[in-house]
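One structure follows; several queries about it will come next.
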Amino acid sequence: GSSDESAGASSADTLRVVLPAQPATLDPIVGARSAQVVWATVIEPLVATGEDLEPTDTGLITAWERTDDLTWTFTLREGVTFSNGEPADAAAAVNTLEMVRDLDTSILKSFWGNAVSFEAPDATTLVITTKAPQYDVVNQLGTVYLVPPKYYEEKGTEGFAAAPIGTGPYLFDAMRAGRDISVKRNPDYWGDAAETEKLVFSWSPEASQRLALLRSKSVDVAFDLPPAQQDQADKAGLDVTATESAMKIIAFLQTDKAPFNDPDVAKAAALAVDRDKIVEGIFNGKAVADGGLLNVKPGTQPDVVVEQDLAKAKELLAGKSVEVPIAYPAGQYTNIEEVAQAVGGMLTEAGFKVKYNAMDYGSLVTQIGGGELDGMYIFAGVPNVAVPSFFVNGFMRSASITKNCGSPETDAMADEAVSQPDAAAAEAIYDELNEIGVVDKNCYIPLYRQIYGYAVADGVKDVKYSPLNAVDFTDVTVG
Amino acid sequence: MSTDTSPLLEVDGLSIRASLRLGEIDLLKNVSLSLAPGEVIGLVGESGSGKTTLARAVLGLLESNVWVADGSIAVCGETVSTPTLNQTAKVRGQQVGMVFQDASRSLNPLIRVRRQLAEVLTRHVPGITKEQITERSARVLERMRIADPDRVLDSYPHQLSGGLRQRVAIALAVVTEPAVVVADECTTALDVTTQAEVVTLLRGLAADLGVGLLFVTHDLMLASDLCDRIAVMYRGEIVELGDVEQVLKNPGVDYTRRLLAAVPRWNEGVPARHA
Amino acid sequence: MTRRILTRVGAVLVTLWIAVSMAFALGRLSGDPTSTILGPMASNEQRDALRAELGLDRPLLTQYFDYLQGVVTGDLGSSLQFYQPNLQMIMDRVPFTLQLVGAGMLIAVLVGVPLGVLAATREGSWWDRAASALALLGQSIPVFWLGMMLVLLFAVKWGLLPAGQSGSVQHLILPAFTMALYPMAHIARLTRATMSEVLREPYIDAARARGLSTAAVVWRHGFKNASLPVLTVVVLQAGTLLSGAVAVEYVYAWPGLGQLALQAIQFRDFPLVQAIVVFGAIVFVLLNQLVDLIHVAIDPRVR
Amino acid sequence: MTDTIAAVPAESAAATMSGAPRKRRRTNRTSVFWLALPLVLLAVAVIVLPMTGWLHDPNKQNLDNTLAPPAFLDGGSWSHPLGTGRLGQDILAQLVAGGRLTLFIGFVGALVAIGPGTLIGVTAGYCRGWVDVVISRVIDAQLALPFILIALAVIANRGSSLPVLFLVLALTGWAPCARVTRSVAMSLRERQFVMGLRAAGASELRIVARHVLPNLVGTVVALGSLQVGTAILVESALSFLGMGILPPDISWGAMLSSGQDVLSNAWWVAAFPGLAITAVVLMVNLLGDALLTHNDPRKRRR
Amino acid sequence: MSEATVLAIRDLVVEHRREKSRETFRAVGGVSLEMAAGDTVGVVGESGSGKTTLAMAATGLGPRTSGKIDLLGHDLDRLSRRELRRLRPEVQVVFQDPHGSLDPRQSVRSGFSELRRLQPERTAWVDDTELLAQVRLGPEVLSRYPHQLSGGQAQRVCIARALLMRPRLIVADEPTSGLDVSVQADVLDLLNESLASSGASLLFISHDLAVVRNVCDRVVVMLHGEVVEAGPTYQVLDDPQHDYTRKLLAAMPGSRWRASR
């Protein structure tokens, strides 16, 4: 039908969006988070997340209660149905959660290892029991997107990805292979109906191309513009929004292997790095120097950070010639080559001998996971939920992928932190953990948080970006 | 065909020069020649003596670094080429036809004989109809003593034997009934037996149709079979021009004598070794 | 005749088999996909489980034979990142690459051939030199760089043409031109070379001697004979344009096979990489056969 | 299929635009000289210049002075004649250092493709028979694979480094070269002087080594010089896709791709390496062409 | 077969396989021929009648489908590769295209010295200058490359290269058909002369009957790969028995002039 002309025409009730990559799959169970921007218009998470990145009661789950240390009881919104008519009830939630926890291909599997059982005593009640106490179960539910059980079962992951069905403000409309994906307003949405009739998502891997598309009025919103393109868009008089994202770029030191098994050497490396220079010199200020590991929410900084002190770094090295390989995922993050080089340059200044080891993202992850790397590797943490345990589980536990800092003590502290009744109670423990990892042992040299930039065409209003890589399109108006 | 004996081809004091990187050289010096209707002139001489240059000059097919420096060429009484004039394009194919050395390479390999003939006819015979083309094509091949013209017409050049190919090449040159035909070593690539047939054919053209034939060869013997007169070229000049009998029996210049001496003996003489 | 066909089919099959095997090796070369599928936070156990599910833990030879069997039965597997049958995804993209390659080759031929002929008929002249210089320049400019420049000028600065993506004829202009430059240069150079050779052939002189017009001599007799190698290269270039398409499609966000291939490689989506490579190889080999058929059609001597 | 495959390269090898008519052979030889000269000078320059100490350290960063314009623009200074890059490195120094690596990649990249390619091609063309059949099939298969995908896949697995780059260039470059040398070797094999040598009792190995290979040198050199351009372009394309030469190594392709982002506010970062690539590839292509023409027996004889 | 038999061919069949069509083509069909030491045998026939193919097969340089060849008392079938290579210098070939017969990258001198390196003993009998003198070339030719030689000069160099090996059999495949008439006479003289002095046998291929008549004792007439007539030159040429031979003779140009002489 109308989808054939959708990409070309600009009209008041269509918003054309260009993304940096083709959404891999629209199945939220197995799909990478990069596609979330698209599928989240159709499928909704169990728990909505507010502007402060904390759970709110405005989503599918409207209330929750920690029945005891190990048991959580949630209340689901009543009368919500999927667009194919299936009820979006507790049973559906149990079905989704079990798939998330049990499928090998589930992208969130590792976050739900602690969940023992999911139960639906009635249509609006969901009970989750955990092995060990875990205070951030609610936050984690913000990452779980609800899929219709029958439909999913029937279609399988391939079929579902080809035509996803959810409870969201939009309905999946069409997918034109390799070109775009469109969604249209869901007239029967349980909440306030979306302002714009139609959203069309296309993609282009080159940032300058995305900007060019916006400037030549082929699209209305260009996402993921790096600093250089943000500047250009500014100059071109476009409306640019730059938001500090939750994505952290961190230099990891493999402290259980030479050369960083020498605490002095590790400290020297940490002291050599000037993150402000990186932010200014490379990002022209369009990044935020970040001194901590576990400060998940944008805008926060830990109390204790390591500041550059070249003299002290040199002193610690004491004239030793230390060779440091720096591994980084080439092309994966904005300006990562320059950042790696800048870090390398700073280490060199302190007296290290630097060797670069660029590889692609997949290999880097594999090699980190396999414990094959030594020296330093630069890598990003991209949280999909704003809880410190994301980074603790990911990087600090002895069983984590990086394994560079873990010890029985930190594991115990991590367990203790997560079993606290709430975030406030856990904060002190996390601060301590952060200090151990970043300041004392120098396992991590946090560098910066990216500023996520996007630009919109004239007249486009209310594109709401959240630092957790979600975008709210419901209020958008075009022209 | 005109019956008067005014020359069909008149080359007068022709000099041709070529420019090379190192300077200019003379390829032909003051060459004069005239060809009467029905006459066959043999142009002989060693390699590089300028035979081809002369032949090509008549049709204006000189290479880009070669030009007429002096003298003139007239075809059927009309001057076509002087240092300042080049009208050869007008007579090419129309009044003058040319047959090249290697028929297998002078026929376009991708086009059937029929079309190659038709192409020439449509070009030179204004208003010719399809039927006329077919008819004339067949007739010219019959003239060439080709037994099955239809098969040949529908063949590609490579499907024909060397002799047939050369005949087709000649047919292409004479199908427009030109007054003059220039043949440049047109039998060298052929077998002796085929060569003999082609020579007979050419003779017939001159005798029956009154075509003037300029026959270029380095084979004195061949020239003696075919020609009325022989012009001996040496270093860009015609050093001797006369009746066949006279030139072969009483060569006027030393060079001709040397050429003759180089012809392998037939009757007299057992090879030196066997003596 | 039958024997000829059989040998030819045999040769094609062997070539394809080697190419398919190389594609298999290539796919396995592209590394372990589990990290990209599961992201950095997954545990090693989960990775192992996934590896087992994908069959990557089986002996390589078993995998190879399964794969061969799949290819023979037309099953090119499923993508690891898109969860769709590879063949279908490829087929979805083919029209776009076809558009791009077709338009590119059209421009390349329409510009390259006359340029080459012009140069050849005026060998040594300034025309020749200018055409040659142009062609050489065309072969020396990095394609993606040209693409970026064109976007900057035509789309951003002057706003004359869309910056990228597909949809209309206007969308096609810049990518097609970018695509065309290299083959155009190649074709121009080849045309000039073969033409200048052909123009030296006796049958050209013979045609001139028969008083044919210059156009007839140059095109009917000259170019027709020069067209064989040129055509060969045109078709084969079209076959290799899949490679060229990667850069162009990337720069212009063109939804073709090149773009897909790039995504596949970046994701370690090896079934998709293999499928694209196999597809490309089949297309190329078939084009090769097409070239031979064209040869036969044009040149009576090879019949 | 073998026939066409064999037929194409001879022609594409002769696909030269600077082909002069045979009477201008001498011009050709001098033009080869004049075309080679700037390349040699360039090679010498990029090797010698860094030794003089006039240039900055190409990797020396200055995050306080990034993207400074060239001296001839407003705000530029002569301490960085061509401006500075994204980390404040001196572009001129980078251009020289990048030139060194780029030329190295070009020449070695050509070598690793041409060397094996020639050997394989000669083997096939000279041995004929089943050896030829097998090699031809492999060449066909290799040519059928989209080379950029091979390149990307290999790099994706092995990471980008010089050896891997050369591996890629060898993998993707040998087949076309083998195809050309195969057909040339095949025709050389049929030449009468080869028959004459055989009649004199020369062994096949000797004929290949002493007569076939030397007669191939011209073709190979010409192919090689064209391959230099190809290698440089391939490297720059890979760099552009983030899979080429990576920092701190500097190549023109890498410079080009790092300048891509800042094209509109600091064009000089990408413009100079872009120009350098185009100029050098143009030069090697011209040289290759001249060599091919020079080497064309039809144009050489007499 | 006598001691002095240089070459004996029995029922030689050679089939060529056409590259494109892969059909076989019988170029030589059952030819027998015997040559004694000092014999000069001419092979005539129209183009494509299999003359070259016959000569190449006879010397073991070309392909052979069936038949027996006895070269200098050795059965070619029984020879190992190495033995064949040792035998080869005894048979030398001079081709039609002199330039194609010389490696374009090799000067005349280095061509000679390569042959000398290949066959040190065999070639020791003469030095370069003298060898060139035998073919009436000056020593200045030594430093030249093939493209710097005229056709006649190049053909002489080829003959010199053949003579250097002191072969017992020389095969000359239309050695003068690419040359000018006057040069042709020179080269033929030379060939005659050097045969006389070396005592080698000659297998001479030509389509020019007059040339064959001047050079050969015996002549073989070939048609479509088969021998239609053979015998002493004068006998065959003066009293032809086969139609084809007659046709060949009749087609010879210059009969008018010859008759009148």
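The letters A, B, C, D and E name the chains in turn, as written, and every chain counts its residues from 1.
In the analysis below, contacts are C-beta pairs under 8 Å (C-beta built on N, C-alpha and C of every residue); 3 or more make two chains touch, one makes a residue touch a chain.
Because the structure is a prediction, the values reported are computed rather than measured.
Looking at subunit C and subunit E, the chains in contact with each of them are B, D.
Here the chain-to-chain distance from subunit A to subunit C, counted in touching steps, is 1.
Each of C-D and D-E has its own count of C-beta contacts, and the greater count is at C-D. Taking the mean of C-alpha positions as each chain's centre, the chain lying farthest from the centre of subunit E is A.
With centres defined by CA atoms alone, the chain at the far end from subunit D is B. A straight line joining the Cα centres of subunit A and subunit B is 87 Å long. Rounded to whole angstrom, the centroid-to-centroid distance between subunit B and subunit D, based on C-alpha atoms, equals 51 Å.
Computed centre separation for the pair subunit B/subunit E is 33 angstrom, with centres defined by C-alpha atoms. The geometric centre of subunit A is 85 Å away from that of subunit E, both derived from CA atoms.
Counting only residues that touch two or more partner chains, subunit E has 20. Within subunit D, contacts with two or more other chains are made by residues 3, 24, 156-157, 241, 260, 263-264. Partner subunit A is touched in their complex by these residues of subunit C: 31-44, 46-47, 49-50, 53, 78, 81-85, 89, 92-93, 96, 148, 151-152, 155-156, 159, 161-168, 250-253, 255-256, 259-260, 262-263, 266-268. Residues 8, 11-12, 14-19, 22-23, 26-27, 29-31, 119, 123-124, 128, 131-132, 135-137, 139-145, 148, 152, 156, 186, 188-190, 192-194, 196-197, 229, 232-233, 236, 239-240, 242-244, 246-247, 250, 261-262, 265-266, 268, 273, 276-277, 280-282, 284-285, 288-289, 291-292, 295, 302 of subunit C are the ones that touch subunit D when the two sit in their complex. Subunit D makes touch with subunit C in their complex at residues 1-5, 7-8, 11-12, 14-21, 24, 137-138, 140-150, 152-154, 156-158, 229, 233, 236-237, 240-241, 253, 256, 260, 263-264, 270, 274, 277-279, 281-282, 285-286, 289. For subunit C in complex with subunit B, the touching residues are 201-203, 205-213, 216, 220-221, 224-225, 298-301. On the subunit E side of its complex with subunit D, the touching residues are 19-20, 56, 59, 61, 85-86, 88-89, 91-93, 95, 97, 99-106, 114-115, 118-119, 147, 158, 161, 165.
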